[in-house]
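Here come two complexes built around chain A, the first alongside chain B, the second alongside chain C.
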Partner chain A sequence: MSETRYKTLRDVPAEEYLLPGSPECAGCGAQLVLRIFLKALGGDAVLVNAAGCLTLLNVYPYTPLKLNWMYTAFASAPAGAQGIRDALDILIEKGKITPKEDLKVVTFTGDGAAYDIGLHAASGAIARGLDFYYLVYDNEAYSNTGFQTSGATPFATSTKTSQPTTLNPIGHEGVKKDLFEIWRSHKPPYIATIAPSHIVDMLRKIERALKYRGPKLFIAFSPCPPGWGSDTSETVRISKLAVETGVWPLKEAIYGEVRHTFIPKVLKPVEEYLKTQERYKHLFHPRRQEKVIKTIQENINQYWQKVREKEKLE
Partner chain B sequence: MREVEMMTGNTAAAWAARLADVDYIPAFPITPQTEIIETLAKWIGEGLMKAKLVQFESEHSMLTAAGTASLAGARVFTASSSQGLLYGFEMLYSISGWRAPLVLVNVSRGVAAPLTLEPDHNDVLSARDSGFIQLHAENCQDVLDLILLAYRVSEDKRVRLPSIVNMDGFYLSFTREPVRIPSKEIVGEFLPPYTPTLPFCPSRPVVKGASVLSGSLYTYFKHNMHESMIRASEVIDEASRHFEELTGRPHKPVEGFYLDDAEYVLVMSNSFTTIGKKAVLRLREKGVPAGLVKLVMLRPFPAAQLARLLKNRRAVAVFDQNLSLGLGGIIYSEVAGALYNERKRPETLISVIGGLGGKYITMEEFEYIFNLLQHPEKIEPGKPVFLFRKDELRAVENTIKLAGVV
Partner chain C sequence: MLKIRFHGRGGQGVKTSSRILGRAAFLDGYIAQDSPIYGAERRGAPVVAFTRISREPILERGYIFDPDIVIVVDETLLDDERARPLDGVKSGGIVFVNTQSEQAQVENVDDKLFIKYSITDAALRVIGKPIVSSPSAAAAAKITGIISKESIIQATIDELSELGLAEEALERNLRLVSEVFDTIPTPQLKILNGETTPREVIQLEYKGVIYEDIVNVGNASLRRVGNWRIFKPIVDYQKCTGCMLCFVYCPDSVISLDAKNKPIIDYENCKGCLICVKECPLHAITAVREVKIYA
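Up next is the complex of A and B:
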C-alpha cells in the first residue's frame, strides 16, 4: 500500500478534539472510536449527528468537543450533512465565504440510525455522490434506550426485546444486516470497517479516505459495557477478540473493490469472544446450546473460507 | 420581461425565490407543488439564477437539509404539500427550534385518506404549533409578495423563525393571474442580505441542536421562541409598510373588507376569500350591512387585531376550510378564544365548514352564511354548519349507485 504516516501506536496524533468530561459510560467503545477518529480527521469538521447515545455528548450548555456539531433527527443525519455541504459549496461559489472557512462534513450516528431508520437517507446521499464521511458506532442494538434489538444485532444475541425464554432459548433469531455490502452496492469511493483495538489500522484507513471525494463510510465495532454485559475494562480486549475470532472482519472497499486489511492466520474459536459478554450467557448457561454455537462458528468459517479462496485466486 | 405577467401561483412562488436570490433549494416532487421546483431547476440550468437545487429522497430529508443549510448561512427556499408536509413534519419543530429562518411554500391539498389532490387547510394548519410564521395567500400576487415579506420577517434578528407561505392547490397553484414582478433593485432595497447567527466555522466551532434534558431549560427556550413569534407581528407591520412604499401594494396581517359599518362579518382566509368578497358586494347592493375579515397571518395569531375589528358587530361567522374531527373548524376556536376577553364581543359567532378537498363554494353559499348571521336562531349555537348542497349530495349518491355499490 501507499505511504502512510501511521506505522505504530507512537504515530497517533497528540491533538485531542474530544476532551474529558463527557457523560458517556465508562468503557464506551463508541467514544473511544470517536476520539481516535478525530485525531486522524482533524478539527476542521462538523459532526452531523442522529439520535443515539453520543447525542448526549452535548447537553446544553456544555460540550467536550473542540469541533462543530449539528444534531439533526433520528432518520436524517445524512440529509443534514448534505444541507451543510451544499450550503458551504454554494456560499463559496457565490463568494459569500472564503474557501478557508470550508469544513469536512461527517455524519456520526449509531447503528440504529445507520442500519434502520436512517438507511434511506444514507442511500440517497450516496446516490447523489455527497462528499462526506459517515462514522457509524455499531454497538449492535439501540443502546441509548436500554438495549433493544436493531438491524445490527447479531443472531442469538440477548437484548431487551429478544430475551431468551423457554419458548425461544436463542434470543434474537434474525441476522445482522450487512451494512458494508449495502453501501458497497452503491459503489462509493471508500468504505471500511474499523475496531478500537486496531488503532493503526483505523488511522491508516482514515488517511486513505481523506484522498477521496464522495461518500466515505466507517463502521466501527463499538463494545457497550452496560448493553453487552461486559466489564468496562475489557472493551479493547473484546474488540481484539472480535477481530481474532473473525467475528469482526477488518476490511475496506475502494470503489467497490474489497480488500481485507487483516486476515487471521488461524481463527480463534468464537466461544472465546462470546464468553466475554452477558448477552451471550444463555448460550452456555444453564445448558450449553451446542447447535446455536455451532451455527455461529460455521457462519464465520464460511465467511473466511470465501475470503481465503479469493485471496488465493489473486 | 414585462412588469405584469400572466402566471400561475406556482410560477409566482418561483419568481419570489428568484428575486430573493436564494442560495439553496432542497426539493422533492409532490402535486400540486412540483411546478415550483421544476421552474427553479430550469432557471438554474439556464443560468438565470445562481443557486443549488438538490432533489432529496423524501420530504423528511429535504426539510432536514433545508434547516442545516440555513444554519450554515445559505438563504433557503423549499416547498411541499399535504402528505409531503406531514412526512417531513418532525423537522418543522426542529427547524424553528434551530432558529433557521428559511421559507417553505405549502401548496395546500387535502390529507389522505381518502387520497385526493385538491385543497383544504388541514395540512398547513397541522403545522400551526410548530414555530413557523404562517402567511396565507388569496391570489397569485399575494404568493409572490408574501414570500418576499416572509424572508424579511423571518431573517430579522428580532424574529429569527422560519415561515410557511400557503397557497391553495389548483385554485392558485395552476391558475394564471396577472402578477406584478418587482424589479431587482426594489427587492434589493426591501430585503437585506441574510446574515446567519454563528454559522459553523473551523476556527470558532459551534454546537447546534444540543439537548437540554431539563424542563426549565426547555421552557426557557420555548418561551423565548414564543416571544420572538409575538414580536414578528410588529416586524411584519413594519416590513409591509416598507413594502407598500416601494411597490404600492399593502399587505396587512388582517385585512378588512367593507368593515366600516358592517354588522354581519365573515372571517376567512386563502383563495375562496375572493368569492366571499363578491358575496359581500352583492349583499351590500341589497342593503345588507355585510363585511369580511381576511386572515393573512395565521401565526403569530393576530388575536388583538381580530378582537378590535370584530367588536360591536352583531354577528360573525368563521369559515373554516379544514376539519378537526370531533371538534369542528380550527380557526373558529381560535377566533372564539381571541374574542372571549372582549367585552363588546359579537353576540353570535357561527362556525361554517366547507371547501374540504377543494369542494367549490358558490357565491350563493356565502350569501347563505350571511343569511344565517341575520337569523342565528335557525341553527344550534356552537355547532358547525357544513356547506354541502343538495345537488352535490345527489351527485355523490349517483356516483355510488352507478358503480353498483349497494
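Up next is the complex of A and C:
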C-alpha cells in the first residue's frame, strides 16, 4: 500500500471542524462520521447538503460548523455542488481568487437523498465527471422524519412503514439497494464504504481520494440510536459488529476496480449484530424466525464467498 | 375545562404523556383532546404537549396559554428561554417538576402550588431506563383529582400497545404508572376566577450585530446541550493512559486532549451518549447519574 500519514488512532487530526452544541441526537453515528471526514479533508472545503438529519446542524442562528454550508432541495445536492464548483472555477479563471484559495466541494446527504430522491442528480454529476466529494451517511431509513423505509433499508428491518404484523412478520420485504454498484457502473475515480468504528481505514480512504480529480464518493455506515432502537452508547460497537459480521463490507473502487480493505477471517454470526437493535427484535420475539435469520446469513455468506474467490484468483 | 400542559424534551415522550392522559379522561367519561407541538429539531429540543379535559364539548384548539396544571418533565427547561414552562399558569394552578426528590414534596410558591418528585429515578428503579412518558401522565392524572387509577392504567395499556411495546416492557410501565399514581398527592386546585399570570412578551434586543452572530463559526456551543444528559461521563485520570479512543469516538467533539493526551470533557455541551464509557479499554470513564436540583 502507498504511503499514508494515518497509521494508528494517534494520527487522527486534533483540529475540529464540527464544534460542540449541535442539535443532533446523542450518539449520532452520522455526526461522528462527518466529524472524522472533515478532519481528514481539512478546513478548505464548502459543504452542500440536502434535506436530512444533518440539515439540522444549522438551525438559525446557530451552527456547529467552521465551514461554509449550502442547503439545497432534497433531490439536488449534487447539482448544488456543480454550481459551486463552476463558480469557483470561474473565479480562479478570472483571477479573483488564487488556485491556492480554491475549496473542495463536499456534498453530504442521508441515504434517502442518495439512494432514492437524489439518485438521478448524483448519477448526472458523476457522469459529467464533476470534481466533488459525496458523503452519504447511511442510517438505512428516513430517520429524520421518524424512521420510514428508504431504498437503503435492509431486508427484514422493522421501520415505521414496514412494521411486522401477523400477516407479514418479516418487516421490510425488499432488499437494500447496492448504491456502491450503482455508482461503480459510472466508473468514477474513487468510491469507498466507510464505518465509524474503523477510523484509520476511513482516514486512509479519504487520504487516497484526495489525489483524484472527479467524483469521489463515500457511503458511511451510520447507526441511528432512536431509529434502530439501540442505546446511544452502542453506536461504535454496532458499527464494529456490522463490519465483523460482514453486514457492512469495507471496500473501495478506483476507476471501477474493487478492493476490499478489510476481509474478516471468520465471519461472526449475523445474529450478534441483529440482536443489538430493536428494529430486528421481531426476528427473535415473540418467536424466533429461523428462516428469515438464515436468509440474511446466507446472503452475507454468499457475498463473502465471492469476495474470497476473487481474492484467491488475484 | 381543565387544561394541562406538558413540557419535555424530544425523545422523552411528552406527546405520549398527553395522549395517555387524554385517553384516561375519555375512559372516565370526559370529553378529551390532546395534541403536541414540536419544531424542526430532534431529541433534546423543547417539546410541548397539551391535554384538555371537559364535561362539555371542547371548542378551543391549539396551544394552551393558560394552563391549570403544568407538568415539567425536564427541570432544565425551567431555565430555557425558548421553553418558558411556567408562562401563563393560572393563579392557584399546580406545577409538577420532575426533580431529584425521592418523596413527593408539595410547597406554595407565590400563588401556585409546586409538586416535586423524581419520576426519572422511579423509572430507573422500576424500568431500568429513564422512561418518563407514562409516569408523567400518571402524575398529571393524579393531580387532576378526577381520573381513576383503573383508567390511567387502561389508557397506558392502550396507548403503549399501539406503539408496539413488548409485554414485559408494558408490564414494567404499568408498575411504574401505578407507583407514581399512588405517590403523587391530589392537592386542591384553587383557580381564582380564571385569573392568569400575564404573559411576558420578550423584546429581542436589536444590537445591529445579529448578522455577525450568524456568521460566527461554531457558535452552537452557546446552546449548551449538556442539559440533555441523564448520566455524566467522569474520567478517572489515575487509570487513563491517554489512548485517545474517547476523543476519537465522541460524535459531538466535546472531548479535547491535554498535553498528555488525556481527555478534557466539555460538560456544557456533552449530551451524555456515553460512547466514551463503552469504548474506554481500561474502564477509566464511568457514568454517574446527573444531579440537577430544582430548588
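Everything that follows uses one rule, which is that the second predicted complex is superposed on the first by the 313 of 314 C-alpha atoms of A that agree within 3 Å, B and C clash if a C-alpha of one lies under 4 Å from a C-alpha of the other, contacts with A are read in each partner's own complex, and residues count from 1 in each chain.
We adopt the following convention: contacts are C-beta pairs under 8 Å (C-beta built on N, C-alpha and C of every residue); 3 or more make two chains touch, one makes a residue touch a chain.
Please read these numbers as outputs of a predicted model, since none were measured by experiment.
Peer 1: Mind checking chain B and chain C on superposed chain A, clash or fit?
Peer 2: fit
Peer 1: In the overlay of the two complexes, what angle sits at the CA centre of chain A between those of chain B and chain C, given in steps of 10 degrees?
Peer 2: Placing chain A at the corner, the angle measures out to 90 degrees.
Peer 1: State whether A:V12 touches chain B only (first), chain C only (second), both chains, or neither.
Peer 2: It touches chain C, and chain B stays clear.
Peer 1: Look at A:R35 in the shared chain and tell me whether it touches chain B only, chain C only, both, or neither; answer first, second, both or neither.
Peer 2: In the superposition, A:R35 contacts chain C only.
Peer 1: Thinking of the overlay built on chain A, is A:E311 touched by chain B (first), by chain C (second), by both, or by neither?
Peer 2: Neither partner.
Peer 1: With both complexes superposed on chain A, which partner does A:L56 reach: first (chain B), second (chain C), both or neither?
Peer 2: It touches chain B and chain C both.
Peer 1: Applying the touch criterion given at the start, work out whether A:R237 contacts chain B, chain C, both or neither, answering first, second, both or neither.
Peer 2: In the superposition, A:R237 contacts chain C only.
Peer 1: Could you say whether A:E181 touches chain B, chain C, both of them, or neither, answering first, second, both or neither?
Peer 2: A:E181: touches no partner chain.
Peer 1: Looking at A:I97 after the superposition, I want to know if it touches chain B, chain C, both of them or none. Which is it: first, second, both, neither?
Peer 2: A:I97: touches chain B, not chain C.
Peer 1: Output check: A:G27 vs chain B and chain C. Expected answer is one of first, second, both, neither. What do you get?
Peer 2: A:G27 sits against chain C, while chain B stays out of touch.
Peer 1: Looking at the overlay, what does A:E272 touch: chain B (first), chain C (second), both, or neither?
Peer 2: neither
Peer 1: In the superposed model, how near does chain B get to chain C, counting Cα atoms only, in Å?
Peer 2: Distance of closest C-alpha approach: 5 Å.
Peer 1: Determine where on chain A the residues touched by chain B overlap those touched by chain C, and list them.
Peer 2: Shared contact residues on chain A (touching chain B in one complex, chain C in the other): 56, 59-61, 63, 65-67.
Peer 1: Looking at the complex, which residues from chain C come into contact with chain A?
Peer 2: For this pair, the touching residues of chain C are 11, 40-45, 164, 166, 210, 213-214, 217-225, 228, 243-245, 247-254, 256-257, 261, 266, 268-275, 277-279.
Peer 1: Mind pulling up the chain B residues that touch chain A in the complex?
Peer 2: Counting only chain B, the residues touching chain A are 23-24, 26, 50-52, 54, 56-58, 60-62, 64-74, 90-91, 94, 200-202, 205-213, 217.
Peer 1: Touching residues of chain A toward chain C in the complex: what are they?
Peer 2: Residues 9-10, 12, 14, 16, 18-29, 31-32, 35-36, 53, 56-57, 59-67, 144, 163, 196, 199, 225-226, 231-237, 281, 285 of chain A touch chain C in their complex.
Peer 1: Quick check on the complex: what are the chain A residues that touch chain B?
Peer 2: 43-44, 46, 48-49, 55-56, 58-61, 63, 65-73, 75-84, 86-91, 93-94, 96-97, 100-103, 120-121, 123-124, 128
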